[in-house]
Structure formats: C-alpha cells, structure tokens
Amino acid sequence: MGAVLVQRDGPATRLVIDRPERDNSLTAADVRELADRLETAAADPATRVVVLAGAGGTLCTGMDLAEVAGGADAGGGSGFFDLLRRITEIDVTVVAALDGRAVGGGVGLAAACDLVVATERSAFSLPEALWGLLPCNILPFLIRRTGFQRAYAMTLSTATMTAAEARTAGLVDELDTAQGRHLRRLVGRLAKVDRATVGEAKAYCATLSPIGADTREHASATFARLLRTPAVHTRIDNYVRHQRMPWEQ
Amino acid sequence: MGAVLVQRDGPATRLVIDRPERDNSLTAADVRELADRLETAAADPATRVVVLAGAGGTLCTGMDLAEVAGGADAGGGSGFFDLLRRITEIDVTVVAALDGRAVGGGVGLAAACDLVVATERSAFSLPEALWGLLPCNILPFLIRRTGFQRAYAMTLSTATMTAAEARTAGLVDELDTAQGRHLRRLVGRLAKVDRATVGEAKAYCATLSPIGADTREHASATFARLLRTPAVHTRIDNYVRHQRMPWEQ
Amino acid sequence: MGAVLVQRDGPATRLVIDRPERDNSLTAADVRELADRLETAAADPATRVVVLAGAGGTLCTGMDLAEVAGGADAGGGSGFFDLLRRITEIDVTVVAALDGRAVGGGVGLAAACDLVVATERSAFSLPEALWGLLPCNILPFLIRRTGFQRAYAMTLSTATMTAAEARTAGLVDELDTAQGRHLRRLVGRLAKVDRATVGEAKAYCATLSPIGADTREHASATFARLLRTPAVHTRIDNYVRHQRMPWEQ
C-alpha cells in the first residue's frame, strides 16, 4: 500500500499515483490499490469529482516491468482492464490531470477517464510494439476516445504524441496552463451536476458505444499470449537486468 | 403554425425557425411543423438543397420548457428523434447554417444535418445535465458526427464549445464569414449532385453507421424517465415560474 | 504489367504507381498488379515497411474511366475492395506517401494504408457523386480512419480537402516537407518493430473495428447497380469521348 495518495481539495478528491522512483509504473498490487481508492472516494457523497494525477506530473508509465520479469501477471491479468472499465462506469466524474508523460497503461488510464486535462508539456506514447507486445487492454478505451486510426497509428508507430496533437486527436479534452487554472474551473463546473445524473450519463452513453465482455476476454488472452513469447521475455529480461532497451539489442 | 418561415433562394429552400421571443426553442407542435416543412420542401424537385437556419442567427435552443412544465411531453416523445432521423434519410441535402447558438435540441438538429456551416461567433452547448436530464435523443446523432468522446464530454461538462472547437470536433463542417460566402458556394456545389444520388448516398452511408430502432426506444424511455424525476420537475418549475436557473438553486 | 514500379530503399520497398499519362488511374489489371507487388514485397523478410506512392506525387486518381466506358467492371468488381482489405491485413506496415492528389479510389488506397504521410500541397477528393456514383468500396475504410461525418461530407460535397484539413480529419497522419524528411524518420522508426508484431497488431485491431463480408458484398452490389444506370453511363461516355465533365452537361 502507499502507491496512491488521497487528497481532498474542495469538491474534488485527488488520487495521486506516487511511485516516482519507478516513474509511476504500476504493479498488480498498485492497480488493486488504485481501484480501492477510487471506490472509497466515490462512496463519499461529498466527493463531486475525482481527479487522477501522478506525483511529479507524469500520470503513469504502465506496468512494472520488474514484476513482469519476475513472472507475475501484472499486465496479463484482467485487473487493469477492469480498472479502466470501472472508471467509465462509476457514478462520479473522473478527470485525468497530466503535467508530464503517460506511457502504455498510463495512456489507458487517461483514455478511460471521463475528461482529460493536460499541460502543454504533457506527452503520450504506446511503446508496447517495440517490446513485441500490444496495448491490448488500452486500445478499446483509446479507440472510443480518438477513433480507430489515431489509436492504431500510436500503436504501430510507437511515436510520442504532444499534448497539442493529443487534443486534436481527442485524447486530451482541454489544454491547461502550468498553474492548473482550467482544471480548477472545470472541477467547479462539473460539481454542479448531480452525482445521480453523472451515473445516468455514464450508463446511457455506455449503451451507445459498449465495451463488452468479449472485448475483455480477447484483450486478456492476446496480451497473455504475447507476454509468453520468447522474444518478449528476452527483451524484458535484458531491460530489467541490464537496462538495455529493446531497440538497442 | 408559423414557427417556421419558408424562403426560396435559387436552388435552395430555406427553413427558418422563427420564435425569437423564446430563443427559437421548439414546442411539440413546432417540431411537427418543421418536419412537415421539410417534407414539402423535399417534395419539390426544384429544391436541390434545404438550408435549416434560425431567425437572428441562433439555430435553436431546444425544447420549450414552459410546455414541458405544463405536462406536455415535448421532448419526451419520439417526435424529435424521428425528425432528426428523417433529416438523415430524406433524399435532399440538408445544411444547417448557424450565426449564433445551438443549445440542447439545437445541437441535435445541427448534428443530424448532412453538413453544418457556422460563423465564428456560433457556439454549441448541451446544458441538459444541469437540469438532471440527458441529451438522449441527440447523442446518437452527435456521436455519429464527432465520435464518442466529444459528445460525451459536452454532455458531462455542459461547457460551451466555440465554432472553431466544433470544427475540430467535426460538429461544424465549414466555418463561414459573417456574409455567408462559404454557404453560398457550398449550396452551388451541392446543387450539382442529382437528388437521386443524394438519396443513394444517404441510404448507403446509413448502412455503415446505423442508428436503429433500439436506439430510438432506449432514448425515448430514458428521457421520459428522467423527466418524471422530482428533482428535474422542481428545476423546470423554478425556471418557468421564477426564471431561476438550476445552478442558482 | 508495368504500371507499378518496385524500388528498394533501405528497409523499405517502394511501390510506385506509374501511369502519369492517365493521372495514375488504375485499370482492373493495374489493381491486380498492385496486389501482386504488395504480396511479393511482403514475402521478403528484409522488407520492414512498404511505401505506396505515385509517380509525380499524385498517388492515384481512381479507376480508369475509359475501361469502365468499354464495359469492363474495373471498379464494379470486388478486386479493389479486396486490395484495400489486404493492405489492412498483410503483416507488413504499409505507408502511403503523397506529394499530390488522391482522387476517388486513390483516397481509398490512402485510407486503407496503416499510415499516411503527405506534403502540404497534397489534396484529397471524392468526386463520385458528380457522376451519379458513390465511393462504395472506399467508404468503409475511410470511415474507419476519419469517423463517419468527414467521410460522408466528402462524399456529398465532392469538395477537395487540403492536406492540413486531412490531417485534422485523421486522413493524413503526418504532414511532411517537400524533401520527405518525416517519411524517412517514420520508416526508420517503423523498421524497429518486428514483422510478427505488425501482423499481431493488424489482426488484433481489426477485431476492434471489423470490416466484414457483408460490407464487401453490399459495397460491390451497390456500386455495380449505380454503374449500370443510364445517367452514369451517359456521363462516363461523354467524358471518355468528348472530355466533357458531368457538371458541364
């Protein structure tokens, strides 16, 4: 425990991913903790908005590779998919606030949030393909946000998208100043909508663009299969033991 | 009758919503009148394009709340949904022309039109959630235009979108000068396409992104249910009787 | 044979449509040749990326109308649809590179490619409706790229989209300099991803936005039906015999 800080800030509860020594990457336990913190925050009727952020500005850089190398199924299980889906369903508005990077699973967290606010220095990337992996759990949520092509292009090109590009693509809803002025104004506005109405909005909209059980199963199975391939195993091992990136091998 | 002016303008028939004293909001009777005018315009083979506009520049600000407070099912019935779907199906090109606001159902009208031209001072918003309602009938058409996220963000944030933002989001197809120069050029270009081909295009494209009977039923049922909740009833009543907006209560 | 040049360029194989005397339009035989060249390029494991381009910068201006006037089913058969789908499925990254126009089927080729890079002077249009036709085979792939509305608006308005507009719409992934600097950088980056991973990415993403057999049948049947109408026949004939465009008749 302790990977997620909880801060009350007026009508908002801030959940801050706080593993700066590991670039805010998440272990399976961290994912469970984040899911628990979200439920607790939403259970308090005084919480009108949940803000999801990362210590130092970077939201999250995906799964903890050391854990994956050790054989745990951090990214392979469906816990991460379930967290993303829960964010889209829970009856409180969840806003991602970035002032730094979102990488891999971090892009998934942002994509699943109801709204994304990011400063100009924020950046988004999906490097999974360089490891021989794919952002299986992330893509259904990212495609719902950006449409097919932008999500597909990020996957294949593994290129970094600037905050301005992400706004055009629909991955960022609002660009913010370094002082977070737009985020404060947005939280004030969101707090005027009843929690019950937020729940109704999420439930109704989900019927218009559903992410079903098939999608979850296929995502989990594909990711687990790729994770077991020798090429992927070797690359993760080389990184964890020798800090060698896959494109240096 | 008399809420919709009909003006011939070369190859175009202009349908102008003309209830300035009520901000171009629509009663159930107005919706039926608009639907009738559209059929009449399309029945004339000399009409190559229908332009839908609002007197004073504001296209429409949604349903007439006074009527809703009186117990009529203005927005709750499926008449409005059926008008939006008919716009997407009728074998004549329908262009929305804005030089002002589109609010609630007005955004739905714009979204359903084949093309939307708007001046820079135009603006779009979905305030339904502030009343405890949702833009149920509008969302299927808006999502087809802008993709899921932009429509969802407008719904939850209730924030006003500028014409420039609406263009990036795909809700506006072309920005126009105050003189309507682009609209005139566009009408000239659209008039070169056979009416039969327009009908074929609408029918073919509808198969690629269908809005089905289930969607209509679910939209109507959800909207009617929300409209019956006490919180919504109180807010509409306070507005109609005391001009008090929901966020002032 | 001979309509498609094959050029090795480091990790990339360039397929260049080379029928400048006919504006890089394609006969049914050209489509088959292009499909064959794509398979041959992909069969070479040293090919990490296929770049699809057109001699002189114009990618392709669609089907050869002279052949269509002669009764052949150039565009009516499903060979073109099958080529587009194959581009989306083959286990090598395919990049369209434009420094000029893409018209009709040329827009379809670009849309089906994994990534599209275009210089500022590039331009995109779907003039089919002016002939009484529709871009039936193209629309499923274009909608997957740009969302419904942009593809629909291009179809109905027949207006030309600039490269900058196409980038906002998602039809172009990256704007390039006249020297092709971004394309070279992109190819270098794409070459770092395993061929096997590219195949996995295409297969997985296809399940999230499938283009099915029904779509293919409906596209072929609709296009063939429109092609047989007298109005279309007369227009194509007038063009091929007298160089008279449909809007001049």
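The chains carry the letters A, B and C, assigned in the order they are written, with residues numbered from 1 in each.
To be clear about the criterion, a residue touches a chain if its C-beta (ideal position, glycine included) is under 8 Å from a C-beta of that chain, and two chains touch if they have at least 3 such contacts.
Note that the structure is a prediction, hence the values are computed from the model and not measured.
> Answer with line, ring, star, complete or other to describe the graph linking chains that touch.
Complete.
> Given that subunit A and subunit C are copies and touch, would you call their interface same or different according to whether over half of its residue numbers are shared?
different
> In angstrom, rounded to a whole number, how far apart do the mean CA points of subunit A and subunit C lie?
Spacing between the chain centres: roughly 34 Å.
> Multi-chain contacts in subunit B: which residues touch at least two other chains?
147, 168, in rising order.
> Across the complex, what residues on subunit C touch subunit B?
Residues in contact with subunit B: 129-130, 132-134, 136, 139-140, 143, 147-153, 155-159, 168-169, 215, 218, 222, 226, 231, 246-247.
> For the complex, give me every residue of subunit B touching subunit C.
93, 114-115, 144-147, 168, 170, 173, 186, 189-190, 192-194, 196-198, 200-201, 204-205, 207-209
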